[in-house]
Amino acid sequence: MAMADQAGNQPAFRLSMLIYDSRYRSLTIQAVALMLFMLAVAWLLSNAASNLAALGKPLGFGFLSQPAGYDINQRLIEYNNQMSHGRAALVGILNTLLVAVLGCITATAIGIIVGVLRLSSNWIISRLMTVYIETVRNVPVLLWIILTNALLIESLPKIASFRGKDPASDLILWDSVAVTNSGTFIPSPVFGGGSGIVIAMFVLSLIAIVFFGRWAKARQAATGAILPTFWIKLAIFIIPALLFFFIMGRPVTLEYPEMARFRFEGGYVIRNSLISLWLALSLYTGAFIAEAVRAGIQAVSQGQSEAAFALGLRPNKTMSLIVLPQALRVIIPPLISQYLNLTKNSSLAIAVGYMDVTGTLGGITLNQTGREMESLMILMACYLSISITVSVFMNWYNESIKMKER
Amino acid sequence: MKKTIIFGAMAVAGMAAVSASAATLDDVKAKGELACGVNTGVVGFAAPDASGKWVGFDVDVCRAVAAAVLGDSNAVKYVPLTSKNRFTALASGEIDMLARNTTWTFSRDVDLKFTFVGVNYYDGQAFMVPKALGVTSAKELDGATVCIQTGTTTELNLADFFRSNGMSYEPVPLDTNAENQKNYLAGACDVYTTDASALASSRATFENPDDHVILPEIVSKEPLGPLVRHGDNQWGDIVRWTLNALIAAEELGVTSANLAEMSNGTNSPEINRLLGTEGSLGEMLGLSADWAKNALAVSGNYGEIFETHIGESTAIGLARGLNAQWINGGLIYSPPFR
Amino acid sequence: MSDLSYVRTEMLDEKDPPGGEAGIVTWIHKNLFPSIGSGILTVISIFLVYQLLAGILPWMFKSSWTASSLNECREAIHLAYGEGTEGACWSVINERYKQLLFGFYPSELYWRPILAFFLLFVAIAPVLFNKVPRKVLYFSAIYPFLAFWMVWGGSIWVPISAMLGLVVGYYASVILPAVIGSLGAIVAAMILPIVWWILLAGPVAGMLQGIVPISIESVGSDKLGGFTLSVLIGVVGIALSLPIGILLALGRQSPLFVVKIICVGFIEFIRGVPLITLLFVASTLLNYFMPPGTSFDLVLRVMIMVTLFASAYMAEVIRGGLAAIPKGQYEAADALGLDFWKATRLIIMPQALKISIPNIVSNFIGLFKDTTLVSIIGLLDPLGLTNAIRANQEWNGVVWELYAFVALLFFIVCFSMSRYSMYLERKLKTGH
């Protein structure tokens, strides 16, 4: 830009200067690039427009408000087959987010545990972890999803075996949870009168935990005394809510799954498709995260743990207080891309019949309405916005934990 | 310089836009092969065998058309299609005809602009349940978990059926017959619903077929047939009348065994017209006179094709039922060859 | 004097370590039971491994290899190992392994994809091993066209005339700078090959074929399937994505705003959406973007989308490589008076690519595994074929055997590549 100001002192402008004058050359190139790009885009769009017009399918999103006509088994919001395609898409988006969030949490847990254990001095453990990582990483995720699903279906008891006078399978956890090969049935809470107070108490204790944590940290910084924070936090977490639960006369009850004609009714059901997808994605992504964790730990110089040992910290404490926090800085960037991968891989849900957004909007809706262009545009926009949100958030987090260099 | 670049780009754009939209028949003849869309794999209807050759009930329709048009039943390029891309493949001209157990519906015919040339299999959606469940009617399925094959009319029919009977159900939507079968057999769903033919063919391969029953209710009409694009009537006629030739041949008693003999001329004028020894039906279609003879030489008439792939002598063991000739009380009926 | 050395001239033999530090018992103590917690973990893992093997091994070995249908398999296994035994029916693999490997490729022509596959190693050898003579690089340049010809067959003049497009581009970039300046030459080097491919390549190939007919039996894309298809899509994706990825990476770093925005937009868009949506585009939409009436087959469309997909990831890998190059290299190139393209071609890219090789390999592994997704849009890759095979009356109901075989195929290939990539990483590591 600064160069443009000097242009006045130069001899008169000639057309050839657009190419031979280094001040204008970059502008020329950009203009040409832009023009070529727009030409290409215009060409593609005009083709698409004329093709769609020939098929009598002008671009339009009206189909989103038409009744979908199909049912979805796993859903977070109310939905039935009389609701619109748009609603079905929303159910799908929420399902995608659900499995992505669940998957990221478990994948991180698996990744950290496996990554740490892989460096264990225990020969058999470290070898087993290596085998796990290598097997999982070198087989396609689609295959893992299908295999996990097949394994769950074949190995878990069928609902029929819970039926009858002398059932072959029993509910676990005091007759409250039924693990079957079509889904896991768990009790759902029923909120009676006065349950609001219990929930309010619960929220209050969560807030109290945060403040206590800060106070304990400040105290430790000031005096050096360490409180058993975990146990105290756990007490704050449980006791008040439990106290009020009984004071208010047990307002929150559980609705247990009951065997009906075909399956368990009542309570919540987590469909097998969700479980297998969740499990497969966690195991798969967990292996990649484990590698990132291992690399992160190995990036922390040996001297750090030696110094910690010299200070008298035990190996567990050394790992959790000295090594992992430092390793985290190396781990976070690959972790972000693994989270994004997991979210994108969740689109393979259709292989096991989990109705995520690819299954609803990009699957049945696309099939039934024949609106490929519009459905795929919305579908891509969904994933794109999820990806961008995740990466923006994680990058912000990454910035916030970066070593403050002075 | 800038001008040159723009002109260059425009030239590129212009040249690539050259379109080749000749008549499908000429296209097929020029390519020397028929691009036929088939299923990625449905027992009895379309599947590759060990040598990589596609076989099945739908596949034989492709082969018959290829034989009628090109005189070579092997001049077929099979394009396996999913339920998602079958219609775009046909609309975009990637395939010349689609024979992929596709239900003839109003919206597909009118809105998606395809011509269904006929019906080669009258099907209907049914339910299969394990015998141990003690269910005898689909009306007793309130609250059941149902395995369905997605991407078809099945899921809509299912929703309609349960809604109109005031019942609830849990759908388990899966992409392929194999996946559905796996889930159903393992007991992950109580009921498996899809077209009755597919249910029967699945059941036939179970370890204990007798442990499963197909409920009597047929909840939908699923006339399956080959289809072509709107707008090329000559090509539509060719596919339609090839299918009709297979059907008429059964009615007239022309089989692969007596084909050679009959094509020397018979006393029946209709057979003679069909096989091209009399009249000029082939010429009217723009094909050779022995087009129908070629089509029939591939694997016989409609009845023979049915028997070879899905009939009672096969493991699938489907009875003719609705798919019997009209003279035998079925719906299979060919307009006269005249 | 030399006799009187007080210094020992020979080393003593190594002594065995003290008894407490060696031997199998010590090893077990140190590595398996160093502490109580660790010991418990050891016991649990041994138990789990035993359970796993006890479940799988009998199934694997109480099997049938020669039956011709699943029912026959069951009977044979029951006959051999007693009623009620569940065993693997490897017969399906025995019957169909050729299909799983080669798809529908004519069996008498199997040597062509096999040869192309082995020549691939010759082509990438100069990249992977330093000792290979540099001249092999010429072969690497020819290889893509050769492989195309080997796999698809047809007239040899088609790949040759396609290759001539690159030759045209190359000479344009060598000869033209003197005539129309370096920028013009670069533009010409990009435009001329495209013009050649679109306008002249076809007619020239036809003409040459008319004069000197050399051709092998052509094999259509519909015959491609199985593992061959996976390898093909993977290799084409990576090979084509390399040049596009380099351009995108350079574009992303470019000071030219418009170029940068276009490149960043493209890269972030592709990386933000799942591959399966891009494959849906390939299977249902791509033909809409072409002029009415044109259509090319699904394999080609998938290759286009996979290439675009891989390019975005490749661009990021190469950007990483570029970022790792010390600034001094750029400055040194500037000091020598090299212009941007010369500096990039001669100084920057060779180094950046070398650093990037391990990441390119792992990129390839990822892409190769992702090729299984094409089964969802109806291509018959190994995973898609499992479905098609089960659609045969004889094999309806076979599950684990097919999946196990496909998983094993992918594992072998991906594992060896990842090992190689690790070896490279160690070799390239210059720090300590």
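Letters A, B and C mark the chains in the order given here, with residues in each chain numbered from 1 onward.
As a working rule, a residue touches a chain if its C-beta (ideal position, glycine included) is under 8 Å from a C-beta of that chain, and two chains touch if they have at least 3 such contacts.
None of these values were measured; they are calculated from a predicted model.
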item	value
Label of the chain whose CA centroid is most distant from the centroid of chain B	A
Chain occupying the most central position, where position means C-alpha average	C
For chain A paired with chain C, centre-to-centre distance based on mean C-alpha positions, whole Å	28
Gap in Å, rounded to a whole number, between the CA centres of chain C and chain B	37
Centroid distance [mean C-alpha coordinates] between chain B and chain A, Å	42
Chain B, residues touching no fewer than two other chains	1, 5, 17, 84, 88, 92, 175, 182
Contacts with 2+ other chains: residues of chain A	19, 31, 47, 51, 150, 350-351, 366, 372
Multi-chain contact residues (two or more partners), chain C	184, 280, 284-285, 287-288, 291-292, 376, 399
Touching residues (chain side chain C, partner chain B) in the complex	70-71, 74, 95-96, 99, 103-105, 107, 184, 187, 191, 194-195, 198-199, 220, 222-223, 280, 283-285, 287-288, 291-295, 297-298, 376-380, 384-393, 396-397, 399
Chain A to chain B touching residues, read off their complex	18-19, 28, 31-32, 35-36, 39-40, 43, 47, 51, 55-56, 69-73, 81-82, 150, 153-154, 158-161, 181-182, 260-263, 265, 271-273, 350-353, 355, 359, 363-364, 366-368, 370, 372
Chain A partner contacts - residues on chain B that touch it in the complex	1-2, 5-6, 9-10, 13, 17, 83-84, 87-88, 91-92, 111-113, 130, 132-133, 141-145, 150-152, 155-156, 158-160, 163, 169-175, 179, 182-183, 186-190
Footprint of chain C on chain B - complex, ascending	1, 5, 8, 11-12, 15-21, 39-44, 46-52, 77-82, 84-85, 88-89, 92-94, 175-178, 181-182, 185, 201-202, 204-207, 314-316
Complex interface listing, chain C residues touching chain A	30-32, 34, 38, 41-42, 45-46, 49, 181, 183-184, 255-259, 262, 268-269, 271-277, 280-281, 284-285, 287-292, 365, 369-373, 375-376, 383, 399-400, 403, 406-407, 410-411, 414-415, 418
